[in-house]
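Next, two complexes with chain A in common: one pairs it with chain B, the other with chain C.
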Partner chain A sequence: MSAVMQQTTAPEKPEYWRWQENTWVDETMNWRDAKIVTCGIDVGSVSSQAVLVCDGKLYGYNSMRTGSNSPDSARNALQGVMDKCGMKLEDIHYVVGTGYGRVNVPFSHKAITEIACHARGANYMGGNKVRTILDMGGQDCKAIHCDEKGKVTNFLMNDKCAAGTGRGMEVISDLMQIPIAELGARSFDVDEEPPAVSSVCVVFAKSEALGLLKAGWTKNKVVASYCQAMAERVVSLMERIGVEKEFFITGGIAKNPGVVKRIEKIIGIEALKTEYDSQIAGALGAALFGYTLVQKGQAKQG
Partner chain B sequence: MSDGLFDPFKTWYEKRHDYARAWKQKTGGQVVATMCTYSPEELLIAAGMLPVRVLGAHEPQNVTEPHIFGMFCPFCRDSLAQGLLGRFDYAEGVTLTQSCIQYRQAFTSWRMHVPTVKWDYYVPMPNEVQSRFAKLAHYGEIKKFRSFLEGVIGKPIGDDQINEAIAVVNENRRLLKQLFDLRKEANPKVTGLEALYASITAQFVDKREHNELLKKVIAALPNRQLNRNEGVRLMTIGSENDDCGFMAMIESVGCTIVIDDQCSGTRYFWNETKPDADPLKAIADRYCDRPACPTKDYPAHTRFDHVLGLAKDYNARAAIFLQQKFCDPHEGDYPDLKKHLEDNGIPTLFLEFDITNPLGPFRIRVEAFLETLSEEELF
Partner chain C sequence: MIANYGYKDGSGDYYISIDTDKCIECGANRACLTACPKGMFEIMTDDYDDEVAWIKAQFRKSLKYDCADCKPAAGYSSLPCTTACTPGAVKHSW
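Presenting the complex of A and B:
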């Protein structure tokens, strides 16, 4: 009898956490008509964005998952949007890098922190009345105050722990086997609002969530409980610098109404709405800074 | 590229235990682990000993949990860990002069659980140094400490020896101040990291040797070319800080640390012992009069104006609070001190320190803070 080794392949596992990558350009504009084309590249811990700005106006962007190294992530993000509109790198006058990988954007002229860039981007997306910004990123969370120009006046970041950030939501999405884009809506499909889970720790979330499921909670109820805990955590961060009425949320979690509405409920303020993708705020701010720098440089040259 | 002028300080810092062992072998004297900069080093030096301040190692450890709480400040935990891990096995004695209650418990655990300790002594210095009775009380304690040390070495410690020790320590303070004063200049020829290496090594190197190196370095500074941009002039404020990696990171992102209010820096050496017919009284007065740690700064907050004065004298554009997590005395001062500085035109940034620090996120915060100070070109 001969032993026959059967080759087995693991069944493909659905990636519930995978959020929608997307590329967009404003078809009503032609970048070739622009005097100044600038680009902002935000290489974050989870996602990377490239934003193109033509004469100070948002023209296009590409948002995708960050790869294994920052330079490639920056290149791929930019290539995606350039391919869509037939642009080449040499057509761009100025590139500003931001995010964790800001110093590793190989073709950037300047690096500016994501704190400054998110404030500037929020000022564009939400208007110059925006004063408080909550940036809920992939692995950190920032509360920012800015003035009418989008200049940062104060800020706070979460310490070390990545609890209550985008990555935590991805983990919950996978655990519950619910596509990440549906988490928000599902969190409201509960008989009554549950209390927050005791820990938003990404590591402990699994055992706590599984414990709740065993105790008879529905998946929706667990998600609701996690969204509430995440909202409470970021509100405590914001309260340390104070929340002004003109409040704006950037970052991936801004797309999750399960967290956003709960934040709004706790602080009693509704976040300003925007037509733009909340994930591009940092790269947009970077591109707008690039535009200002080019303008000022040209002015100096006379 | 560094010219290596401060490298001997850096080497002392990085090999501080080797230095102490070599000193002991060379001199045959005793080494004393001193906890807190309120320890009257003059007496230890007069007794022929080498005072070596206990510093942390900034590395994860798992030995202090049975002894002190996890919510004691990182410096307490890191310091005690060094004792428990045997890093100070060459030190015969350990001494603490009262400052904060958490550090006192770290000291108590040290003397109970570090097996190489041959003797220990606690100096119960008054915390309310502003009281009219404080100096007299501390004078009494200094006298008791001298008697104790005489018992340890088995012979009397004369006033002449104490005066000689005061002279050596005062010279060290004077030279360090001279070095620090050079940082008042635009484009200072000493970086904050280098100044830290100089002041922190004074806390464990033989003062005579340290003085010689300080003189050599100060003499070489006028011709020094650092070839770096000064950037934003910053002040650091807090308790102990010898996280050199953090200091190097800060100074790599467009700024220079020009002054500090920390016990690893100016608070350690800022004032001298004033001559007095009774050297013990002179020592007691000196420690009561030194720039105060928050544990010894009430009912009046003398350090608020002292810190602001330093910021102004050294033309600091802004200040960074390096707050040891769970350090109640400094955290208690923070809100009012922050307001005092900001009301007087010195913006501040708050960073919470642990045994190990996340340089990446700290870098973002420091850079963002610097951008708020100088990003006009972006708008």
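Presenting the complex of A and C:
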């Protein structure tokens, strides 16, 4: 008699945190007609974006998850949008890198900080009235003040703590087993608004959330509590630089109404709406900086 | 531009702010570079091509501890960096 070992594989675990990657080009435009084509590459800690700008106008973008290697993430992000419109790298006049991996974009001509790029991008997306910008990124949170040209006048960043960042939301999404895109809507499906979870740390917020579930809270109520904590957290950061009307939110969490509406309620100001993907603001700003630099270069050459 | 370097954690806000408009034409001959015992300041070219001071990246997440030796509890009545910066560009949040 011989025992037969059956090899088993673990069932595939759904990835609730996985957000939608997307590529878009403006079909009403033809990049071949443009005099100046510039590109902005934002290699962030969680997501990477490539944005193409033709003669100062947004033409297309690709937004995807950052891999383990910044140069490859930059290449893949750009390739995604170039494939969609039949463009080649040599067709692009100027490339600006931004984000955490900005110095590792192998084909960039210049690197500019994400602070300046988000302000410039928000100025394009929300219009020149935008004064306060909140960028809720993958692993940091930035509060920025800018003038009518999108030039930064005041900023602060918090990248020491994951509370109030996209990564924190991904952790809660996985813990609650709710797809990340549904978290916002689910957070409003509660009988009464719960208080915020008390911990400002993602690790402890996770243990607190588990405790609340054990105490009989519904998943929606826990999510609502977490969204409220996140909103309170980022508002306290914004208050440091002062919040002015014409307020704009960039980054992935701008797509989560559960956090956005709670922020709006706390500060008493409604965030400006945009038709564009909030995650491309940094790369768009970088591409617009590139456009200005090419124009300046051409003006110098006469 | 007011540039805030630092962080907020469970124990408080720890930001050093630098008013770059006062910093561009420094009236103190870049005294912050030598005034800080830890050498936390350095001059860099910012995104708008201005030469201004900033806090070196390796100190930005530990200001509470790095600056502790210059605070009143350590015997200082005023901070060496803010005192040296006569144009008043440097400020601490705590």
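Note that the second predicted complex is superposed on the first by the 300 of 302 C-alpha atoms of A that agree within 3 Å, B and C clash if a C-alpha of one lies under 4 Å from a C-alpha of the other, contacts with A are read in each partner's own complex, and residues count from 1 in each chain.
The rule is short, and it goes like this: contacts are C-beta pairs under 8 Å (C-beta built on N, C-alpha and C of every residue); 3 or more make two chains touch, one makes a residue touch a chain.
Quantities reported herein were computed from a predicted structural model and do not represent experimental measurements.
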{"item": "Three-chain arrangement built on chain A, chain B and chain C clash or fit", "value": "clash"}
{"item": "Which superposed partner A:L237 touches (first chain B, second chain C, both, neither)", "value": "second"}
{"item": "Partner chain in contact with A:C161 - chain B first, chain C second, else both or neither", "value": "second"}
{"item": "First (chain B), second (chain C), both or neither touched by A:C201", "value": "second"}
{"item": "First, second, both or neither for A:I172, with chain B first and chain C second", "value": "neither"}
{"item": "Contacts of A:A254 with chain B and chain C, given as first, second, both or neither", "value": "neither"}
{"item": "Contacts of A:A287 with chain B and chain C, given as first, second, both or neither", "value": "neither"}
{"item": "Offending stretch of chain B which, after superposing on A, collides with chain C (from 27-35, 117-125, 135-143 or 369-377)", "value": "369-377"}
{"item": "Footprint overlap on chain A, comparing chain B with chain C", "value": "112-113, 115-116, 151-153, 155, 157, 159-160"}
{"item": "Chain A-facing residues of chain B, complex", "value": "352, 354, 358, 360-361, 364-365, 367-368, 371-372, 375, 377-379"}
{"item": "Residues of chain A defined as touching chain B within the complex", "value": "100, 112-116, 120, 140, 149-153, 155, 157, 159-160, 289, 292-293, 296"}
{"item": "Interfacial residue positions of chain C with respect to chain A in the complex", "value": "1-4, 6-10, 13, 15, 47-48, 61, 93"}
{"item": "Chain C-facing residues of chain A, complex", "value": "112-113, 115-116, 151-161, 200-201, 236-237, 240-241"}
